[in-house]
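Following are the structures in question.
Two complexes are shown next, each including chain A; its partner changes from chain B in the first to chain C in the second.
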Partner chain A sequence: MCKKVLVVDDDPDVRSFVVTVLEENQFTPLVACDGVEGLEMIQKETPDLVILDVLMPKGSGIRLYHHLKTDDTLKAVPVIMFTGIALRSFLKSQKALEEFKGEKVPEPDIYLEKPVEPQDLVDAIKKKI
Partner chain B sequence: MKIKKLLFVTKFESLCYDALYSLLDLRKSGLEHVVFLNVIEREKVAMRRGRGYVKDEEVRLKEIANIRFIDWAENLFEMGMEVGAYIEVASLIPKIIAVVEKEQPDLIVIGRSRKGKLEQLYSRSDITELTRRSPVPILVFKHMTENKLVPAKIFERPLFATSWSNSSEKAVSCLKELGNIIGEIHLMHVVDEKDLKSSDTHGVQGVRKKERNRLDDLCAEFEEKGITAKPHVYVGDPETEILKAARENQASLIILGFSDRTALMERWIGSISRNIADKSPFPCLLFPVKK
Partner chain C sequence: MPANKILIVDDEQPIVRLLSMSLKSDGYETFSAYSGEEALDVFEKSDPDIVVTDIKMPGMDGLTLLKKIKELDPEKEVIIVTGHGDIDSTITALQYGASDFINKPVRDEALAIALERAKTKICIREQLASYTHDLEEKVAEATKEIQRKSNFQRLLIHSSHDAIVAFDQDWRIVVYNPEAARIFGQRGRDVLNKMTIDDLYTSQMARYFRKEAKNKVNHTDLPWQEMILETRSKNKMPVRYATNVLHEKNEFMGIVNFFQDLTEIKRLEKELIQSERMAAVGQTVSGLAHYVKNILIGLKGGSYVVDVGLQNNNMEKLNTGWQTIKKNIKRVADLTQDMLAYAKDRKPEAEACFPNDIVEEVVELVTDFAASHNIHISRICDPGLDEMMLDPRTVHRALLNLVNNAMEACLELEDDTRKFVVEISITKGDDGSAIFAVKDNGIGMDEETRTRLFTPMFSSKGGKGTGLGLLVTKKLVEEHGGTIDIDTSLGYGSVFTMRLPEQPGISRNGNNKG
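Let's turn to the complex of A and B:
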């Protein structure tokens, strides 16, 4: 059975790029446009992998990542960060959230800064599933 | 009413990160979420004879905005704040209202209206249009000095001009929550010269005393919340007197309720709030009429 990969990104061009890459590599793509919709999809569909943007309306990828990695039922879902926000800022923001919420989260396994070549994205996906 | 989430509307002309940075003092009073909105005017990418819809230009403008927002967002994320962003080709005010409905912010921050006089007459200023339609307060941000410096602490010394309307009541409940960042608030009411009907001193002083007592009661409400408040009664044309009071008390911000004068009247005669927001050198925080 095809593995389900959820792409959470507010930019339709990026969603379309990722969906094309997924379909061409026999994955089943799922899409969400913001952090809130992303969390709903993860809870409903339990994807095998999430490709997550950071700067989005209605709930950023920073909060969604923190939520996923501190929720016992969701923390096993692998996440590839795919964003224009620098890794350094992402890590600092997670640290700030940790201080505020008191729960430590692991660093993301794969952090891709936009733009990336399709093959780099495929390689990253295949590393996780 | 706490300001936890603000919508920052920018065209990257007058309203940039320095303006946003000066508002981050609001974090002491609960601000935790900033949503950026950049609206690209339709005319910039609209259909052109022989060229059609200028898709390349839309992509270019969106990417320029995105690069700015990423830079700003990184700073805010590092502070532990939540950030969102919208970059859209649309009409400004309807888009702001749509994002307000979606995001439910507690405050909208916008630069001063750039429309010309004639344009304002027929289509109203952006500020008026927004205040008519927005359910949340609007901060019209301005750089206060000639060298365009942003006031470091915009809420440090506000002047609140109350007309005792229901929008002023809304302002009071919001301002009381800003005790951590307001240094000293100046409360004023302008008595219209027409209301001083009595020809003797006693009558005139009576009007002053009545308004002063109301302001004293309001000062007491603020002081209960730990905010130093000073009352002032002025007489004359409200627009002139509010600006006079702002200068005399070195205000960092003017706070006003919006009148519920009809839209048509306002378009032709103008409103005090709109005129001050559009023309004065002071940043203005406007509270819409409670629906």
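Let's turn to the complex of A and C:
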């Protein structure tokens, strides 16, 4: 049985790229276009890994990440942040959210800054599953 | 009244006694002497205010006594008692400074009058003395105060950070402080009271101030102005200066010039402008780099998908990848076009066109996108709107930009319950200009976004905007002589109103419809 990997990104170009990489490496791709859809998908399909964009409409990646890491049933799902913004800015916004919600979350397992070579993405996924 | 002590002198003792009694009863203190010599003795001991003396006495007579008393104290009043018709003695007595005469036999009333007169004299003299004394004190005080004030002013002028140069009515330099010496490079002792305006200022400046002095009879203050000051030694520096033309009762007294050296301020200003420009360049470059990076991500992703399609002979992958590449090629093209449009000046090329038609064109272009994102596009066209002289390319481009922005503003508001509407309306203004309004019920803007709207490379669309769209729109509109206004409210939507006046047409194939 192939491992299921969910890609959450509002950019169709990024989705088709990641889906192609996943297919080429014998993973089962799942897609979601925004944070809300992404959470629904995670709850329904329980993927083995989530590749998550940061800047998205409807529940940003920042919020979804925070949700995943504070939900006991979803905490174990590994997450690769896959984004155009620098890690530093992401951590800053994550910290702001922590202060706001009062719960600490761990730093993302893997943080990839676009553009990413297909092989690097594959290596990152394989490191986690 | 203090003048109360009277010395009575007569060789006839009964007269002395009689007068003494009479005066005592009037409240005087009296002293008696029966000869000139005795009188002098008593005078020195008892210091009377008034002496009443007979002229004819054995030994020292009255006139000699008068003379001696006046020598001792010229302020003492001496009343001379004379016999009838003794004119010579009277004249001598006057010369010696007698204050009054009474005839023998001495009558009380005559004596009383003479005493009163003497007392009044003493009193006036005392008042005069005290008044003079006061006056002297006041003058001394005033002199001290003037001295103090003048010192204060001198120090003030001396320590002023402004250079102060003043000229008297003959244009001689009478005030010249150290800052002036610094600016003009001439020592105070070489300048003060030695030089005139023509020696210190350039001939052009001197001419200017002479003219000002003549012109500003009723209006003496000249506002602060800036200029490049040139000294006679050919040094140049930026200064701020003010001039006061001084008058006293409409009489020209001279002028004062104040100079402030602006060298340092100008240098700082220049530095600031430079650093602001560098910051703007940095911002522009980093914004641009971010956008180009996004295009690169698309191109790389697309080419990978194409590679996979080729390897596996998968048409679907090939197609998906190729679409991605084409889309990003278009983004490069758009960016280039925006950059050129922003960088280059372009004169609008007006031609007769129907604004309603342009609206239709734009609506047609965005219909598919709007439909797939559940945005309703409505248009309110003015059917009475006739042909107008506008540059249709400007209108098309600007309107398309605004409509695209409006749709994106709708998508940004993550509200599934709202029915998004973008409304394009066109009317003719009172001044004959075409007014296009694009209204959306999308996310709207807060004050910060609103104020940064026309900043280069500012984009609220994450990496998706070039940050040039509105800037280009504004530039196109302004080149067309028009204006663009924004009314917005965060969470409720925005209205962009573009007002384009008609432009004189350019001749096309000799057929100028303007």
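Here is the rule we go by: the second predicted complex is superposed on the first by the 129 of 129 C-alpha atoms of A that agree within 3 Å, B and C clash if a C-alpha of one lies under 4 Å from a C-alpha of the other, contacts with A are read in each partner's own complex, and residues count from 1 in each chain.
Going forward, a residue touches a chain if its C-beta (ideal position, glycine included) is under 8 Å from a C-beta of that chain, and two chains touch if they have at least 3 such contacts.
None of these values were measured; they are calculated from a predicted model.
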Combined model on chain A where chain B meets chain C, clash or fit: clash
First, second, both or neither for A:99, with chain B first and chain C second: first
First, second, both or neither for A:115, with chain B first and chain C second: second
Touching partner for A:55 - first (chain B), second (chain C), both, neither: both
Which superposed partner A:63 touches (first chain B, second chain C, both, neither): first
Partner chain(s) touched by A:90 [first = chain B, second = chain C, both, neither]: first
Partner chain in contact with A:82 - chain B first, chain C second, else both or neither: neither
Which superposed partner A:27 touches (first chain B, second chain C, both, neither): neither
Partner chain(s) touched by A:16 [first = chain B, second = chain C, both, neither]: second
Doubly contacted residues of chain A, that is, touched by chain B and again by chain C: 34, 55, 57-59, 84
Residues of chain C that touch chain A when the two form their complex: 290, 293-294, 296-298, 300-302, 304-305, 308, 317, 320-321, 324, 327-328, 411-412, 414, 462-463
Chain A residues touching chain C - in the complex, by the definition given at the top: 11-14, 16-17, 20-21, 23-24, 34, 55, 57-59, 84, 114-115, 118
Chain B to chain A touching residues, read off their complex: 35, 66, 69-70, 73-74, 77-80, 82-86, 99, 102-103
Parts of chain A lying in touch with chain B, wherever the complex brings them together: 10, 34, 54-60, 62-63, 84-86, 89-90, 92-93, 96-97, 99-100
